[in-house]
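Next up, some structures in structure tokens.
Each of the next two complexes has chain A plus one more chain, namely chain B in the first and chain C in the second.
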Partner chain A sequence: MIHFISKRLKHSLVLLFMASLVCFTLVVSAPGNVAVLIAELRGAVATPGYVEQVAEEIGLHKPLLMRYVDWLGDAVRGDFGISYRTGTNVSADLANRMFVTGTLIAGSAVIATLISLALGFLGAFWPYKLPDRVSRGLALLGASTPTFFVGALMIYAFSVTFQLLPSFGFNGPKSWILPWLTVAVLPAAVLSRVVRVGLEEAMTSPFVLTAKSKGLGRTAILFREALPNITPLFINALGTQVGLMTATAIIVEPLFAWQGLGDYFLAGVRFRDFMVVQACLLIFLTFFIVVNLIVDLAVLLTDPRIRRQWS
Partner chain B sequence: MHDEPLLEVRNLTVNLLTAKSAVRPVDGVSYSVRQGECLAIVGESGSGKTVMNFAPLGLMPTGVTTMLSGSVKLEGRELIGLPEAEIQKLRGKSVGFIFQDPMSALNPVRRIGRQIAEMAELHLDVTPRAAEARALELVKLVGISDPVARLRQYPHELSGGLRQRIVIAIALAGEPKLLIADEPTTALDVTVQAQILRLLKDVQRRLNMAMVLITHDMGVVAGAADNIVVMYAARAAECGPVDKVLVSPRHPYTQGLINAIPRREDPIGSEFRGLPGIPPTLGAPIKGCALAPRCELAVPACSNSRPPLVRSDDSAVLVACPVVNQGKAAA
Partner chain C sequence: MNMLNPIFARLNKMPRAALITIGLFVALGTFAPWLAPQDPSTQSLLDAGLGPSAAHWLGTDHLGRDTFSRLIIAANTSLVSVGSVLGVAMTIGILLGTIAGYHRGWVDDLLMRVVDVGLSIPSLIISLAVIGIVGPGYWTMVLALALAWWPMSGRISRAVAVSIMSKPHIEALRVLGASPWRIYFGHLLPGTIGAVMVYATADAGTAALAVATLSFLGLGIQPPTPEWGQMLVDALPYLESDPRQVLLPGLALTAAVIGFNTLGESIALNRIPKPLTRRMLAIRRAEVASWGKENSDA
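Here is the complex of A and B:
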């Protein structure tokens, strides 16, 4: 077990290292002279002399390896440099925006989990009956509707028509509900199928016959016997969906005027603000890697067979 | 009413309908088991042994429609036509089940202790704490060493023999009156088979239960059972006390089965003495005797009508073969 965890941690570190290389390469290979950009940003006339001075200052003349080491050292300490566009410290912006996006993803993950379990169980409890067909229909609808359209529908329904919830801004739980729901729709749809199909398959296992022979009823068998069997599968699928939520955030945050990482990233791309793009990308990739690490550890906790393999 | 059998099956017929097929794996079979008795059911693979015992208790896989006719009485209570909710109450409580493959019969992600204690909670109306204590007792009863540690383990951490002991512990947890063991030793190592069989026999005697033992193994029958039903192609070919049927088998199929057991004096590499031919498929009910195409004694009349299971020259033994019955009677 310790062996597995240490092996898995090393694996994650290697991935993180590779992620950092990708981000660094992105900025190094960015078009345009960075020194000129910064010089202009500082409001000075970009005379060749001044540009040269800036280049010296930010270490453009150093060998690539040195620049990577410097950059990585800064990034690890949370220093992501200065935004080309606004001239502000990227790190200062990040703290707030990470909280916003974190709120979005955490809430959506919880909602997606609850909805998918409910829909999946409904279907597994009455297979091929009306509840199952409804659940399957909702899943199909949810999985095939583009997220921006879902968001627009949410706003139209809950903000415009019924005026129940605010349509934009990040001001407390009430304003979080619509973005949460919008992000949760697709993963809830996908995960509900994972639950439904996983439960059905588990219900055909031989141990279900044993459970039945014990005198357990269908509900008890679904919850006590089948559910623990699909937990590792579900955690895996949930991890993938949570990772993908970073991409959804890029669409949903601007829609609800949330100043999160997705919104920051989008602005960074639009204005070729490579420091911002790089910082966001590094955070996204790190998030992916960490989520996967957590998933593997959680699977280890919920599946004694795997635990045994590594003990 | 001590004389009344615990389980009495009369003329049981089972039809199974799936999306693709309709079969009749059990065709008018009768037998009974008394308290403290062990009945062996033998027969080739596919002859309907499992379906015959599981279908009346609602233990068929999903996706199969089961149609039952005839009569199955457990402690005098008719099971056929009983609603599933009522039958569910009997499972585990009145009837304990043991399955062929202990490797897959236990839930891989639940602790063994839970899987046993759950039974006690369900059927004995005890507190969770008392159920745990009961689980410990049971694990000791089925002869598992280091019982406290075992209860905290998961199935894959145990050997096949130990797992089958756990399955037996589960079957005993509800204190059932009848134990149905479906080839309980087939999937185990030869060395373990005898131990498990001895254990089963031992608990059956000690707890004075009735037991139905489904098996392929004539050695198991000889060692454990009081009575035997020989199944062929969904029907009973012969039944009676084990000592009589094994010593002087009457039905040609039973003779073939017993003849097929390897003997010590057989030279190594000698030819297998099974019945020639293959058993029929169970798609359509067979008009005459199901064995006719493979039977040495067959006469044309055998294919015309189904031979009834009737008393042979020994009134304790029933045989479904007019040729044999009349021959003996004439002799």
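Here is the complex of A and C:
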């Protein structure tokens, strides 16, 4: 078990290193002279002499390897340089933005889990009957509707027509509900199919036959035998979906006027603010790697078969 | 024509509704310039925000442009950009995939590791990062989306290429002294293209979604060219007074994506052996039981 964890940690570190390399290369290879940009930001006329001075100051003349080491050292300490657009520190309100996006993803993950389990069980309990068909139809609809359209529909239904919930802002749980639901639709649809298919497969296994011959009822078998069996599968799929939620956050945050990471990333892309793009990208990639690590550990905890394999 | 045969054979098993939706989308997209009753970008502020009428079948938007015509032209925009994205992505994917499948060894390992990383990052984040560095524009969008999309076709074509390379006729060719070029271009590449094309059609829905999403964010198709995602974001400020302009493009896009997703699902299902039905299970059981009988007879 410890062997597995240490191996997995090493693997994550390698991935982190590769992610940092990608982020660094992306900005280094960007067209245009960074020194000119910064010189102009400081309000000075970008005379060749001044540009040269700036380039010297931010270390553009150093070899690439040295620049990478410097950059990585700063990034690890939470310093992502200054924004080319505003001239302020990129890391200034990064913590706040991470909290906003974290709230979005955490809430949506919980909602998606609940909805998908409910839909999946509905389908597995009455396979190929009406509830199953309804849950399948909802899953297809949820997986095919563009997230921005879901958001617009949510605002139209709950804010405009019924006037129940605020359509924008990040103030209090009431304003969190709509963005949570919007982000949760797609993962809920995908995960409900995972639950449904997983349960069906589990229900054909020999251990279910044993349970049946013991005289257990269908509900008992589904919850006591099949559910623990699909937990590792579900956790795996949930991890993928949580990773994808960062992409959804980029769409949903501007829609609901949330000042999160996704919004920041999008603004960085719009104004070609490389440092912001780089910082957000590094955070996103780190997030994927951490989520994957947690998923693998959680699967290890919930799947005795894998646990035995490694002990 | 030979290459298309597996596609036609599979078409019979597709759900009809999905085929009709896709057919409609492709037909509208192809013939849009002749089908649209009015110029999609003619503004007439006097007619802004009208409801459906004989002159404007689905009403007009906040600038008085005919919504019906814009929806149809948008299908064309969408079809063309999805086609170019998948075209570029599949070219990269098939080339790298077949090279990996042909060469194997460290080339294979390296390429497939890159594919793994590419597949684990959401396509929107990859394409936005590319657009952020290069700057927005139509061809940047196509390039950015293709960069996010090629790992998918790369993985599939590598799998197909590996299976083709292990077939006896390739070995026979080798024995006959065929050059690597002949094996690659004459046998490996054509076989792979045929198989990957089928999967690409299933991917078209997500690609259309990605184009619309980028346009929604203002980084894809630029106005005045109509595109569903961009029409939706254009109409969003008027959601309260004129929700129709938001609903119509959203519904059109959703319908197209549902069509492609259903198609993709049935392609996947036709590939994967289906779970045994109760009747099949009974037949199997009878079969297994009869084995026992034979044994006891013997």
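Some points to look at:
As a convention for this text, the second predicted complex is superposed on the first by the 311 of 311 C-alpha atoms of A that agree within 3 Å, B and C clash if a C-alpha of one lies under 4 Å from a C-alpha of the other, contacts with A are read in each partner's own complex, and residues count from 1 in each chain.
Methods note: contacts are C-beta pairs under 8 Å (C-beta built on N, C-alpha and C of every residue); 3 or more make two chains touch, one makes a residue touch a chain.
What you see is a predicted model; the values in this text were computed from it and never measured.
In the superposition on chain A, contact is made by A:M18 with chain C only, not with chain B. When both complexes are overlaid on chain A, the residue A:A247 reaches chain C alone and has no touch with chain B. When the two structures are aligned on the shared chain, A:P179 is found in touch with neither chain B nor chain C. Contact with neither chain B nor chain C is seen for A:G120 once the two complexes are overlaid on the shared chain.
In the superposition on chain A, A:P187 makes contact with neither chain B nor chain C. Look at A:S205: by the touch rule set out above, it reaches chain B but stays clear of chain C. Set side by side, chain B and chain C differ in how many residues of chain A they touch, and the one touching more is C.
Touching of chain A by both chain B and chain C, each in its own complex, is seen for residues 204. Across the complex, chain A meets chain C through its residues 18, 26-27, 29-31, 140-141, 143-149, 152-153, 155-156, 160, 200-201, 204, 243-244, 246-247, 250-251, 254, 265-266, 268-270, 272-274, 277, 281, 284-285, 288, 292. Within the complex formed with chain B, the chain A residues making contact are 203-207, 209-217, 224-225, 228-229, 231, 302-305, 308. Taken together, the chain B residues at the contact with chain A in this complex read 57-59, 61-62, 88-93, 96-97, 99, 101, 104-110, 118-119, 122-123, 154, 156-157, 167, 170-171, 174.
Those residues of chain C that touch chain A in the shared complex are 117, 120-125, 128-129, 131-136, 205, 209, 212-213, 216-219, 229, 232-233, 236, 239-240, 243, 246-247, 250, 253-254, 257-258, 261-262, 275-276.
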